[in-house]
Amino acid sequence: MVLQHATWPDVEAYLQRSRGVVIPLGSTEQHGPTGLIGTDSITAEAVARGIGELAGALVGPTLSLGPAQFNLAFPGTVCLRPTTLIQVIIDYVQSLARGGFRHFYFLNGHGGNIAPAWCAIQELHAERSLGRDGAVALQFRLRSWWDLSEVNDMRQRLYGAGEGMHATPSEIAITQHLLPDLRRSDMLAAPPALSPEFIKFHAGDNHLDAQAHRAQFPDGRVGSFSGLARPEHGQALLAAAAAAAARDYAAFLAGEPA
Amino acid sequence: MVLQHATWPDVEAYLQRSRGVVIPLGSTEQHGPTGLIGTDSITAEAVARGIGELAGALVGPTLSLGPAQFNLAFPGTVCLRPTTLIQVIIDYVQSLARGGFRHFYFLNGHGGNIAPAWCAIQELHAERSLGRDGAVALQFRLRSWWDLSEVNDMRQRLYGAGEGMHATPSEIAITQHLLPDLRRSDMLAAPPALSPEFIKFHAGDNHLDAQAHRAQFPDGRVGSFSGLARPEHGQALLAAAAAAAARDYAAFLAGEPA
Amino acid sequence: MVLQHATWPDVEAYLQRSRGVVIPLGSTEQHGPTGLIGTDSITAEAVARGIGELAGALVGPTLSLGPAQFNLAFPGTVCLRPTTLIQVIIDYVQSLARGGFRHFYFLNGHGGNIAPAWCAIQELHAERSLGRDGAVALQFRLRSWWDLSEVNDMRQRLYGAGEGMHATPSEIAITQHLLPDLRRSDMLAAPPALSPEFIKFHAGDNHLDAQAHRAQFPDGRVGSFSGLARPEHGQALLAAAAAAAARDYAAFLAGEPA
Amino acid sequence: MVLQHATWPDVEAYLQRSRGVVIPLGSTEQHGPTGLIGTDSITAEAVARGIGELAGALVGPTLSLGPAQFNLAFPGTVCLRPTTLIQVIIDYVQSLARGGFRHFYFLNGHGGNIAPAWCAIQELHAERSLGRDGAVALQFRLRSWWDLSEVNDMRQRLYGAGEGMHATPSEIAITQHLLPDLRRSDMLAAPPALSPEFIKFHAGDNHLDAQAHRAQFPDGRVGSFSGLARPEHGQALLAAAAAAAARDYAAFLAGEPA
Amino acid sequence: MVLQHATWPDVEAYLQRSRGVVIPLGSTEQHGPTGLIGTDSITAEAVARGIGELAGALVGPTLSLGPAQFNLAFPGTVCLRPTTLIQVIIDYVQSLARGGFRHFYFLNGHGGNIAPAWCAIQELHAERSLGRDGAVALQFRLRSWWDLSEVNDMRQRLYGAGEGMHATPSEIAITQHLLPDLRRSDMLAAPPALSPEFIKFHAGDNHLDAQAHRAQFPDGRVGSFSGLARPEHGQALLAAAAAAAARDYAAFLAGEPA
Amino acid sequence: MVLQHATWPDVEAYLQRSRGVVIPLGSTEQHGPTGLIGTDSITAEAVARGIGELAGALVGPTLSLGPAQFNLAFPGTVCLRPTTLIQVIIDYVQSLARGGFRHFYFLNGHGGNIAPAWCAIQELHAERSLGRDGAVALQFRLRSWWDLSEVNDMRQRLYGAGEGMHATPSEIAITQHLLPDLRRSDMLAAPPALSPEFIKFHAGDNHLDAQAHRAQFPDGRVGSFSGLARPEHGQALLAAAAAAAARDYAAFLAGEPA
C-alpha cells in the first residue's frame, strides 16, 4: 500500500494489522553524463514499493532530496544540508508515530543519507531516553538496497570493478528498466578504477567539496563504468532487491536481528 | 523537462536558454474518507509538469511533505514543522542558484505551505539584503493552482459552495483523472457549508490543533462535498490550471507583474 | 488593561474573568520620506489599546520588530528574520499560556508579520497535536487592522487608488492623529499607481531583496500617495478600527467564526 | 532622536554626523504586588531617551521582552528564551549595521538580559573574527542604568539595604515619576534583607526555576522594600541616570575605555 | 571521584550518598607568548579535582572549548560559539539529571564561559518553569576559581596590578606547578596597566573582534605581567582555590546561599 | 605537539611546516561493570598523542562527549545530541581554519561519533560548495583506531568473538595499560556472543533507546568479554594503533587515498 494512494480509513485499517512503514530515501543529484539526476530516488522508491507488494507494507512518500554538496558543481544537483535532513526525518517519524506507527524501515538509495538518518534516529530515541513523557518506544532499520547481500553479489557478478561508487551501472540499469524511454546512449569509456581502500573510506559519500570533487571526477562518475548498464540487469537487480528487502523488513517486524 | 529525468549535461544546456525552474509544493495528509492522502502532491506535480510541457520549463522534484499539524489526528498524515519546511526550501533554492538558476516558481498544492514558503523567500532575500557576498539576486513566485482565476472560476461553476476548503471535489477530481484505478466510491452526504468569513479567515490552512480539528470536522472534509468529483472535471481543471500557470510562469520570466 | 501597566495581582484577578489577551504586532522600517519609521508599531498598538478599552481586554507589549528585509536599503530599517519572529511569538505565547491565558488575538500592523505569525501558531498547535504532555489547547486569531471591513471601506472611500501598499495615507493619518507634533509636511507627488494584480500578489509584503526594492520604489512608498493623509482621517480610521476589532475580539472569545 | 519617530531621510542625515545608536533592553515580568509588569522596559526606555536628548543620540525601539523564567509562576510574566533574545539582538544589530551604524550602546533595564546580550555581541564579533566577507568592525557597550556609579550611590543613599534586587524602590520610583496615575498604594512590610553574598551571586538574575522562585519570594520582591519608592526619588534617579549614561555614551563614541 | 575513571556501578553507589557533580569549564586559546593554550582548562580541571578530593565530589569531564572569538587572530585558538556552548551544557546537564543528579557545580576557568553558562542554566530551568512534564528541579552554581575571595586576595597580594585580565601570572603559575616541564622562560616586559574601569567592564571577556583585539593587545596578554608567575605561587593558589571551592561546594549542597 | 601545551608562537611556527592537526573524538559513557566511563576518550587521546609523537603532528583537545543516548539508563553516561556535536565540530574546525589549518584528522574512539562527524564535514564542505566567500578548501579524514587493519587483526587474534562491540577487551586493555591503578578485577562471565549480522548492522552504535538497550544488555557490555583484557595487550594495541594511525595521517597529508 502506497501512503499517498491511500485514504485515512485505509491507514486506520492497516494499523489494526501492522505498525510498520517503509520510507524510501533518495537524492536529486548528477549521476554522470548518462545517468538520471533522480536515479537515487527512482531506485529507492521502486525497491520500497516492491517491499510494499511482497510484504504487504505501507510505503510512505520518498524523501527525494539528500545531502550532496560534493555534486553541486554539476548543475541540477540539489543538496539538503545534513542538519535539514535530520529535522525532516524527525518530523516524518513523529507524525506517523502520533498515528500509531512503531517500526520505521528506511529503504535507502543514496550513501549521503546514511549519516544524517543515523543522527535523526538517535535524536528520536533520545526523546525517550531522556524521559520525555509521551515518547513511545520506536524501532528503526536503515537499509541501502545495494548492500543487501543478494544484490551485492549480483552487482559484483555483473560489473565487477566497473560497478564503482557513483553513477553505478546497477543503479542506472534499474532506471533503464523502469523508465525505458529515458535510456541514454552511453559510449563513455570506463573511468579509472577505484582502489578497495578508496571505496571503503568513501562509503557513505564521504567526498570533498564541490570544486575539488568535479576536478577529481570530471564527468561525475566515481569509478563507475556506466555503459555496462542494461535494462534486463535492472529488472533482475530490482527483483532481487525487492525480495531481499521484503525478507529483511519481515525480520525487522518480527524482532529478528538485522 | 523533469529534473529527475534529466542528466547534468541536459541541465547545463537548459541553463543556456533559461534560468527558471518550477518547484511543486505538496503535502501528505488526510483528504477525507475518499480522497487520497497524497492529493496535494499529486495535483501540484501534475500542474507543474503541465507548465513544463507548455512552457518548456524545468520542473524539480515535488516537496511532498508540508505543515499539516491540524490533520495529525487522522492516521497517515505527515506534518513537517513550518521551520523545517523553511529550511528545506532554502537549501533547495540555494543549491539550484549555485548552478545558475535565478527564477524560482513554486506551484503550490497545499494552503499550509504558503506561509513557510513566504518566510523562506524572505530569508533568502535577506542574505543579499544584508550584504552577504556571493548572494545573487533571485526572483520568486508562489502560485496555488486553485487560485489562478481561470481555475477558480471553473471550481465555482462546477461545485459552488460544495467546493469547500479541504478534500475539495476539484482536487479529488484531478486525482481521479490522473489515477483512475484509485477512484473510490463516494456516497457521503455534503458536509455543513462554510461561511465566506470562515473561508477567508482559514485560507492558508489556518486551523486549530489536531484534536480540536477532528472534533470540528469528524470525517476530515472541511466543507467540501467530495462526492461531486468526476474524472472529466479533473481533466478540465488540470488542463485549465496548466495553461494558466504556464502563462503566469512566462510572465514571471518576462518580468511582468503577477 | 495594559500588561506593562498592571501588577501580577491585577493579572491574577483578570484571569478570573477572562483568558484572552491582545498582542500588537508592529515593525520598524522606513515609511517613505514623510512617514514615521515606527508607523506599523504605533498604529497596531493604538488599535490594540482601543480593543483594551472597548472590550476590557488585556493588551500585551507590542512586538515592534518584524521581517522587513526589502526595506534594508533605507537606513533606519530593522529586520527580524522570519524564523526569529516565529521563536519570539512562541516564547511570548507559551509564557502567557503558563499563566493561564488561552485566547491569543494578534492585532497586526505589518504585512510581513502575517506569514511568520501563521508559522508560529502552527508550531504552537503542533506541540499539542503531537501529544506532548502539558500542551494545553490554545486559540489564535490574527487580524490586520486595515483588513477589517469597516476600515477597508473607509480607506477606499478616503483615498481610493492612492492608498497603495506601503506608507499608505491611512496609516500615516493615524500617526498624525496620535503624534501631531511629528507630522511632516508632505508635498510629494503621487507615486505610480499599482495594478490590482500587483496588490493581490504582494499582499503580506511579498517583496524583492533590498537593492531591487529600492530601485523599484526609490522613495520607499509602494503606490501610496502619502500626502493625502490628514489627522482627522486618522482619528476616524482609528476609531473605526478599534470598534471593529473589539467586536472581532469579542466574537473570538465567544467562539464565533472569524 | 527616536528611531520610531524619524523618517528614513532623517536617519540618512543623522548618519552623516554619527554612527552610534542607543538600544534600550527591558523586560515584561512581575515586579511585586505594587510594581508594574513593564517596569524594566519603562525605565530603560526613559534613560535611553534621556541619552538621546542629552547626547543627540538616535534611540531605537525598546526590546521589551527578556529572559525571566524564574518569574513565570507570577501571571503576566513573559519570558523570552535566552537563545531567542540572542537572535533578536543579532538581527537588530545586523540590520542597522547594514545601514551604516557602527557603535551600539545597549541601555539595559533587566539583569537577565546581560548574559544573552554578551552572547549576541560575541556571536556578532565572531562573524568578522572568522573572516566572513562583508562583516564590518562593530563596537558595543552594555550598561545597566543602576550600575552607573552616580546612580548606584544615589540608590544606596536613598534606600540602603531596602533597595534589594527585584521590584527595587529605585525602579518603582522612576515609574511613579513617569506614570503618576499608575502609582499604587504600597503598605507592604519590608521583605527579609539579602546578604551581600546573595546579591553578588544572583546578579544578572541568576535565579531558580519558577516554582522554587515563587516559594522563596512569595510576593515577587527579592529583598526590595518597594514601599520606600517616591516619585521625587524617581525624578532624581532618572536625571542622574540619563546624565551619567549620556557621558558614558559620549565616551564610548570617542573610543574611551568604559 | 573522577567520572571518566569510574564505572557505572561506582556512579550508582555515589548517587546513594550524593546528587552533586562538579563540571570544570575551560577554554583553548592563546595565553600570551609564554602561557599555555590550554591554561583555562588545565586550571579549572585541577581546581575541580581538588574539590573532588576534599569534598568527596564526583568530577565530570572538562569542557575544554569555550567562546574566544577575540583571540582567533592568534593561531591555535579554538572558539565555540556561545550558542554552541549553551547547547553542550544543556545536553551535559540533562544527561546527568536523567541518571539522578540534581546539584550542578560549574568550576569555571574562562571568563567567556560565564554568559553562555548563565543562558544554559536559564534554559534548563525554563523547561520546568514552563510546565514540561518530567522536568525535575535542578540547582546550579557557577564559580570562577579566581573569584573566590581567598584566591582573589592572594592574587592581589602576589601580583597587584600585574595580575591583569588575560594570561595572568596566577593562572600561569598554576600551570607551572602542575606541568613543570612545560614552563617557559618569560623575560617579557610588563604590559601597560589596565584601569579599574577597564577591568570591571571587560569582566567576562567582553572583548572586541579578533583583528581589533590583536591590534590592541599585540602579544595576547591583556594587562597581565606573565613573567611574575612562579610554580610555588601556583601551588599555593591551587591549594587555596581547591579549599575555598570545596567549602563553597559543600555549602551549595547544603542549600546555603552563595 | 599537544595544542593545550603549546603557546601561540609555537603554533605559528608549526604552521610554517604543516597545516595538519589531529583531533581526538571520545565519549563519556558506561563501559560495563569494570570498564571506565571515560574509556573512549582515554583511548582516542592516547592514540592521537601517539600520532603526535610519531608524525610530529599537532594534537588538539579531545572532544570527550559524544552521542550515547542508548546508554543513558546507566548512570554517569553523558550524551551529546548528534546535532550538538555537529555544531561543536564545525566551530572547532572553523576556528583552526581561521588560523591556517587545512588538514583535519579525526582520531575516533566512539562509534556514535561517526555519523555526526560525517555530517559536520559535509556541512563544512557545503560552505565552500555553495560559493560562500572566504570558505577555503579543507580536507578531512576520520579514523576509528580499532578499524586500522593492524589493530583489527590484533583484536581478532587476541579476543576473537569475545571482542564484541562495547566495553571491548581491547579498549579496556588500553586503559589498563595507561591507568594501571584504576584496573578493576573482572570475574564476569562472557556475555552472549553477537552474530556477525548484528555487528555489521549496529556498527556506529546504531542502538535502541536507553530503556530498551539496558533491557537487552543488562550489565552494559554488548557482546564483549571484558575479563579477557590485560594491560600488556593494551600496550601492544596502543603501539600498533599509534603506528598505523601515524602512517595513515602521513598519507593523508601527502594526499594519498585512504
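For reference, chains read A, B, C, D, E and F in written order, and residue numbers begin at 1 within each chain.
To be clear about the criterion, a residue touches a chain if its C-beta (ideal position, glycine included) is under 8 Å from a C-beta of that chain, and two chains touch if they have at least 3 such contacts.
What you see is a predicted model, and the numbers here were worked out from it, not measured in a lab.
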For subunit A and subunit F, the contact-path distance works out to 1
Could you tell me which chains make contact with subunit D and subunit E both? C, F
Matching over half of the contact pairs by residue number, can you pick out the copy of the A-F interface from D-E, A-B or E-F? D-E
Approximately how many whole Å separate the CA-defined centres of subunit C and subunit D? 26
CA centroid of subunit A to CA centroid of subunit E, Å: 46
Which residues does subunit E have that touch at least 2 chains other than itself? 72, 79, 81, 95, 98, 129-130, 133-134, 210
So the complete set of touching chain pairs is A-B, A-C, A-E, A-F, B-C, B-D, B-F, C-D, C-E, D-E, D-F, E-F
The answer for subunit A against subunit F in the complex is residues 67, 69-70, 72-73, 79, 81-83, 86, 112, 114-116, 118-119, 121-123, 125-126, 128-130, 137-139, 141-142, 195, 197-198, 200-202, 204, 206-212, 257-258
So, in the complex, the side of subunit B touching subunit A is made of residues 2-12, 15, 28, 30-38, 41-42, 60-62, 64-65, 72, 74-81, 84, 87-88, 91-92, 95-96, 98-100, 179, 182, 184, 210, 220
So, in the complex, the side of subunit D touching subunit B is made of residues 94-95, 98, 133-134
In the complex, subunit C residues that touch subunit A: 129-134
